[in-house]
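So that you can tell them apart, the chains are marked A, B, C, D, E, F, G and H in the order they are listed, and the count of residues begins at 1 in each.
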Amino acid sequence: MTNPAPLEVILDLERAARIGLPEAVLCEPKSTAHLISILETLRDTKRRMLFTRLSQAAFDALPIRWKKALDFDVESNTAYYGTLSSAKVERNISRLPQVAIVCAGTSDSRVVKECHRTLKFSNVSATCIFDVGVAGLWRLQQRLEHIRQHKIVIVVAGMDAALPSVLGGLIQSVIIAVPTSTGYGVAAGGHSALHSMLASCAQGITVVNIDNGYGAACAALRLLGNFK
Amino acid sequence: MTNPAPLEVILDLERAARIGLPEAVLCEPKSTAHLISILETLRDTKRRMLFTRLSQAAFDALPIRWKKALDFDVESNTAYYGTLSSAKVERNISRLPQVAIVCAGTSDSRVVKECHRTLKFSNVSATCIFDVGVAGLWRLQQRLEHIRQHKIVIVVAGMDAALPSVLGGLIQSVIIAVPTSTGYGVAAGGHSALHSMLASCAQGITVVNIDNGYGAACAALRLLGNFK
Amino acid sequence: MTNPAPLEVILDLERAARIGLPEAVLCEPKSTAHLISILETLRDTKRRMLFTRLSQAAFDALPIRWKKALDFDVESNTAYYGTLSSAKVERNISRLPQVAIVCAGTSDSRVVKECHRTLKFSNVSATCIFDVGVAGLWRLQQRLEHIRQHKIVIVVAGMDAALPSVLGGLIQSVIIAVPTSTGYGVAAGGHSALHSMLASCAQGITVVNIDNGYGAACAALRLLGNFK
Amino acid sequence: MTNPAPLEVILDLERAARIGLPEAVLCEPKSTAHLISILETLRDTKRRMLFTRLSQAAFDALPIRWKKALDFDVESNTAYYGTLSSAKVERNISRLPQVAIVCAGTSDSRVVKECHRTLKFSNVSATCIFDVGVAGLWRLQQRLEHIRQHKIVIVVAGMDAALPSVLGGLIQSVIIAVPTSTGYGVAAGGHSALHSMLASCAQGITVVNIDNGYGAACAALRLLGNFK
Amino acid sequence: MTNPAPLEVILDLERAARIGLPEAVLCEPKSTAHLISILETLRDTKRRMLFTRLSQAAFDALPIRWKKALDFDVESNTAYYGTLSSAKVERNISRLPQVAIVCAGTSDSRVVKECHRTLKFSNVSATCIFDVGVAGLWRLQQRLEHIRQHKIVIVVAGMDAALPSVLGGLIQSVIIAVPTSTGYGVAAGGHSALHSMLASCAQGITVVNIDNGYGAACAALRLLGNFK
Amino acid sequence: MTNPAPLEVILDLERAARIGLPEAVLCEPKSTAHLISILETLRDTKRRMLFTRLSQAAFDALPIRWKKALDFDVESNTAYYGTLSSAKVERNISRLPQVAIVCAGTSDSRVVKECHRTLKFSNVSATCIFDVGVAGLWRLQQRLEHIRQHKIVIVVAGMDAALPSVLGGLIQSVIIAVPTSTGYGVAAGGHSALHSMLASCAQGITVVNIDNGYGAACAALRLLGNFK
Amino acid sequence: MTNPAPLEVILDLERAARIGLPEAVLCEPKSTAHLISILETLRDTKRRMLFTRLSQAAFDALPIRWKKALDFDVESNTAYYGTLSSAKVERNISRLPQVAIVCAGTSDSRVVKECHRTLKFSNVSATCIFDVGVAGLWRLQQRLEHIRQHKIVIVVAGMDAALPSVLGGLIQSVIIAVPTSTGYGVAAGGHSALHSMLASCAQGITVVNIDNGYGAACAALRLLGNFK
Amino acid sequence: MTNPAPLEVILDLERAARIGLPEAVLCEPKSTAHLISILETLRDTKRRMLFTRLSQAAFDALPIRWKKALDFDVESNTAYYGTLSSAKVERNISRLPQVAIVCAGTSDSRVVKECHRTLKFSNVSATCIFDVGVAGLWRLQQRLEHIRQHKIVIVVAGMDAALPSVLGGLIQSVIIAVPTSTGYGVAAGGHSALHSMLASCAQGITVVNIDNGYGAACAALRLLGNFK
């Protein structure tokens, strides 16, 4: 069969069983037709799915019945298909979450939220801490004891990305750094932040792709899956 | 004559005779006036032509009579002018096509289709295989025997572009790799995918420009023209 | 006092107590005089220290008494000052190490060894697995069950760096990827490998700086310190 | 066993059977100890091997018995281990080789020779044509009929790399382009040549990594293996 | 006076007298208010002016009286303010122009026209020759005698920019090369074309900024001003 | 509390007391909701604030009462919240300002104005001098005595950014250079201007980020705060 | 006279009078013959001079009489020709220097010393503070009161260059940041440090070229010259 | 004949007749064997030749008889083979040369000399003017009348390359700009200088490759050949 149409999407539905992480759909490069085809497969196979980088415009272009079927969050550009099991969501209810997501300012909150929503989709709670940029160090110092109590700290930062270097020297937690494309001039695109994090003078910091809150959450899930 | 207007386009209409490949028109940088001028030349000289990178907007801007004269495909942004000879299209009818076009996910299907449509314009069939990304290796392994039966395998991949490296170590076929601009952060623009393919640890893989499904198809046509 | 000489080095000797990681000395940009000054401080304060990126030439330039005081490894360009406590080294003796260090070929063994020696300096064993490049996928498949039994897998790869993407889809372990500067043309310097790893289609992979085996080991140590 | 030493190299010795191409050893990043270990494995398993990027200095550092066992070529920095079967070498003796290697000037002859020696190691003859740079177009035109008679033309070029674009419009042969790092200023490193070849206005040209004569030869071998 | 408003533009109106070239206004980064202020100055001082990079939108935003006062060309995004002296325009009427503007395809015609209009504004005629891309070398060869008769040849090319290298080896004329941003993938932005031209194997070619048809015309004017 | 919403912004309101510079809000990456939240905090805490990179569209999206509360300047994309104390603004009234802001052409006036408005928000006057580009050196020479009388000269320039190098050799004043993203081809984005300024052959010039008029003003404020 | 030899060097000896800064000789690209010619001019005109980037090898290549005439410092690769006036050197003797030079570790001490020696050549004292990298924040906090007492703080940092961002939020002093090329991988060359500093979230930091301790000192001298 | 050895070099000896420029040999990438082969061809065909980028080491490696046959200049790394006709050399004897080569400092004199020697090889005199960097503008102003009398001005500059922008606004001459790789940090490699020249605010400046004094001379020769 040589005809490229119709595009029946072959989802890697057993991924969760194999590596402990659910597959997610990166919506950005996909057409509305592709997204609908994926949603139909999910409905027919009774699967849940996380959608990332689903813009407001792409969401709006979906038929009304699919829009209703999705739990869409505009700031993080994520959507859930399928229900979150209320039983499991609160497994951390009696104690502090193991994961904190920390960022320097509100400009990076879209990435923080993508990370938070990815964790929540896997029933993992996370503490979000905003506005601890190192230019006003007292804000970080005030929150330090709180941050320190989390075993995993995801640090989201753009521009000079000095926050993970400072935090890295102050806390023992696992640190996963997410550079963001926030900024202008040499900062725009996030490569400055990425390179700062990779070249950090603080030890044992690992890094994911620019703006990849989803990836940082998956790295945390791998960790929690191995070391419960 | 020093006046730059009118722009009469000088097409290289004997190209097919000279190198065995038809000329194609790259529409992206051309104005509607340029495109109409080219179409008029084709009509007057009774030639066929492949148009690439013809956006929906550029197609819509053409007069209705020219829109009707084109076989336009919106996903691949290609159009045919002139008819495909039905006699020749099926010259591979009784056996498997010699060319397979393989990609990791549906995000790259626009490039797969550009490649497929270019081959079809020259009466060459191709098998399209989607969703064999290495992150779910079983999908590739399930299709491996099928892929292996094609003498030429065009591999379309973005982001980390690990697919051609894995395939290159598993099959004997000629492999032509097409990097795509799919992705964000360090992947955006396709340079990461391009560099991965060029630096592949698998041997004897050749590469074309980013998103250049057309070019990969032409490389396959050169090959089929020399080694029938 | 405004005179910049003498340079008395202020080591961050309480770092281990504060963040659970020992300070290390990056030797590359330091003069022989600097290194001797650091060694004298260590001797006087009775501290242990890990030296990284100590070239054969820089080691040779040290006075004989300091050379004797160092446990130098030429392949990884690392040295230990102070003894490893034999009691603790074997705390993993009765079971498989929790950390595996995996690389595609022997070309990257200098980075594997820097990583291995850093872990060993903190009394952590690691399994080293060489030659599982994806261009000969059977080698990886043969070792897969072994690799999978480690909770943390550090993947060292240069050139196209396809290995972490393939592994990431096959195992549940935490994956820390180390790009290397091995290769030529577009691969030289390690940026292609770095970008491939960051743009990996496999989920939840984190990355450290190019050739930074030391950093990957520290990330593993952070993890083991939090999740024993 | 967690000790990284001794490094026993696991060669992918069945590669030839699997994909029709022999494994080769990229010597540049390997120590003398690594090279000797590989040679010992080859001797013990009675295998042949191609070594690439073996510098004069690295060759000189080998023990005398291994130097004698290698057929070393200084210009291409390649060596053969094991004998070439004289019976097979001349399988093309009665007719023109199917492969031509063409370059603009003698500056790129090291890459031409790496390519030629790789082909010869697999018993494939190739015609080498030097000094057909487009700045003296008559030299190319004089050789054009000769070049055209080869089904595969490997074009090696640095600096502006205009040669494959010109050739691509004149001949029907399969064209594999190899950018070289020859030149200075914006040309140094070979990225300008690489980009010119990828962006070529001539159709159906494929490209390999900078200075990768070995890779171009492997691509030709894949092709000849499929289309005899 | 410290108030930055009003912005009275100080034009370098004596530039023509000083260096033989008229000042031009680069419109792209200027607001409508700035453009009107400049036009008022020109009207009050009875000066002529060339406007470059004046988009259709920016032109449309001008008040109707200023639109009428401008000789606007949409393809080249240039406009003339003030009349061309008919007496001088035809000083080349009885003989071939000294300047040819040559390009590979119609995609670059916007740059060709910017160049042509700049020359015309200084009463210099130029021959425009399109569609002589080296992928169809016969088209160039057919026009070669015509091109050769011009003392200055401005070559406009994007993508691989092989045309100036080929022409440079065939003609004695002064060659000024203009890279264009035409193309996609590695070609997009024009840096590949720029680097090809700078690294050209043909001798004595000089280059201007990407898409800078205006600059190439000015270079020709400097030349004609010194060597009449 | 793990819910990332609501985002209550934690402003660093004591920054002025700590480092002598007021905090400013970079609006570009912030949503309308974020901006309103910040304005509400300011109102409730009776603080003044400078907003930068507030586009016309972002300003228009604010509720009418907030638009009225802001002193918005469209060219510089800045806004003041809270009144300027008239008493202090004119502290320089009887003498020349200590700061001059100099630029080559009107294309960079948006950056000049951002700088000027930032200084004014801190009650510092500045002289703005436009159109002293080095291509018409007489314009600079005519203004040189005036420029020289300022202790701090902020030089704003795009493209080749030759102005600070020339000024740097002519005046004793402190020079702070601001590269701009004005231009096209190799100039677009401002990296050429940035690199020219950093590599300037004139001594003692310092540089801020591309288009960062705000940052240059802050550097001047630091200086005036220390050396009154 | 068209002969380029002999090269008589025209020094800008009145520079100090004109802009308050002495000329310095950048030795790196100069031959021994050039350096001797400059020294002879200085001797004949009875001038002092600062030499920068004078490597040990270049110094050793000078004739013995010139070596004796120079006050050479190997760590900073600087040399003084002519005596420092003892009367003036100590003009700051009774109070704290106005300038501090701060760096994260001893790896950057070569740049600190170039800066210190440049200031000293102009009779300006400076306090040097090493080892205050943010990965061990206590070291910075311990020194903060001392640093804060200097009106100008020159911050020298490589790799992630987080130090100026942290300092910038804690002190009111003028901050001049010098990125260094210390580090490997993404840090090598100093571009990561440069970009971090330019994109710093702390306000009013200005930056000089990579490794340019000399330039930072000159910027301080401009400042001290204007604001005594 | 498929054997790549022996490499008989095919020189483009009729180039001078065809395009008015002599061929030159770029020695950098050539082995001693290649150079000798070329010299033998020249001797046998009684041709003259210019050698460029011939390092002292490469020259020293030639046999004594060839060293004697060459007029070698160490600063410019050029050599002449064959005699300069004394009759023609002085054709400009009674008047000022038409070409000036101007540079900012002695650091770029190696490029100035390559340019001067290339012109001299074609019997064209040139005036060399050193040390007119814009940081000491008086030096340029003092020489301006002299420079202005030359119809062609080749400007050689590294680092910020401000000189051609300033000169371009002051003189009517044809200006050919040569960026140099002089400098460190962002200047190293010459890309900053190249981009400054291409983005120059002065009109009608053309540019050649970094350090390409030979190319600038050839451009001048093309010009003089057309406009005598």
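Methods note: a residue touches a chain if its C-beta (ideal position, glycine included) is under 8 Å from a C-beta of that chain, and two chains touch if they have at least 3 such contacts.
For clarity, every value in this text was computed on a predicted model and none was experimentally measured.
Chains that count as touching both subunit A and subunit E, per the definition above, are B, F. Counting C-beta pairs in contact across A-B and across F-H shows that the higher total falls to F-H.
Chains compared, subunit E against subunit F: the Cα-based superposition rotates one onto the other by 90 degrees, nearest 5. A repeat of the E-F interface exists among A-C, A-B or F-H. It is A-B, with more than half of its contact pairs matching by residue number. Subunit B and subunit E have CA centres that are 35 Å apart. Rounded to a whole number, the gap between the C-alpha centres of subunit B and subunit C is 44 angstrom.
For subunit B, residues touching at least two other chains, in rising order: 15, 133, 135-136, 168-170, 183, 185-187, 191, 194, 198-199, 203, 209-210.
Every pair of chains meeting the touch criterion is listed here: A-B, A-C, A-F, A-G, B-C, B-D, B-E, C-D, C-G, D-E, D-H, E-F, E-H, F-G, F-H, G-H.
Those residues of subunit C that touch subunit G in the shared complex are 1-4, 7, 9-12, 14-15, 18, 23, 26, 28-31, 34, 53, 179, 181, 190-191, 194, 209-212. Residues of subunit C touching subunit A in their complex: 15, 18-21, 24, 151-152, 168-176, 194, 198-199, 203-210, 215-216, 218-223, 225-227.
Looking at the complex, you find that subunit A touches subunit G at residues 104-105, 133-137, 159-162, 165-166, 168-170, 183, 185-187, 191-203. Considering their complex, residues 75, 97, 101, 106-109, 112-113, 116, 125-128, 130-131, 133, 135-136, 138-139, 182-187 of subunit F touch subunit E.
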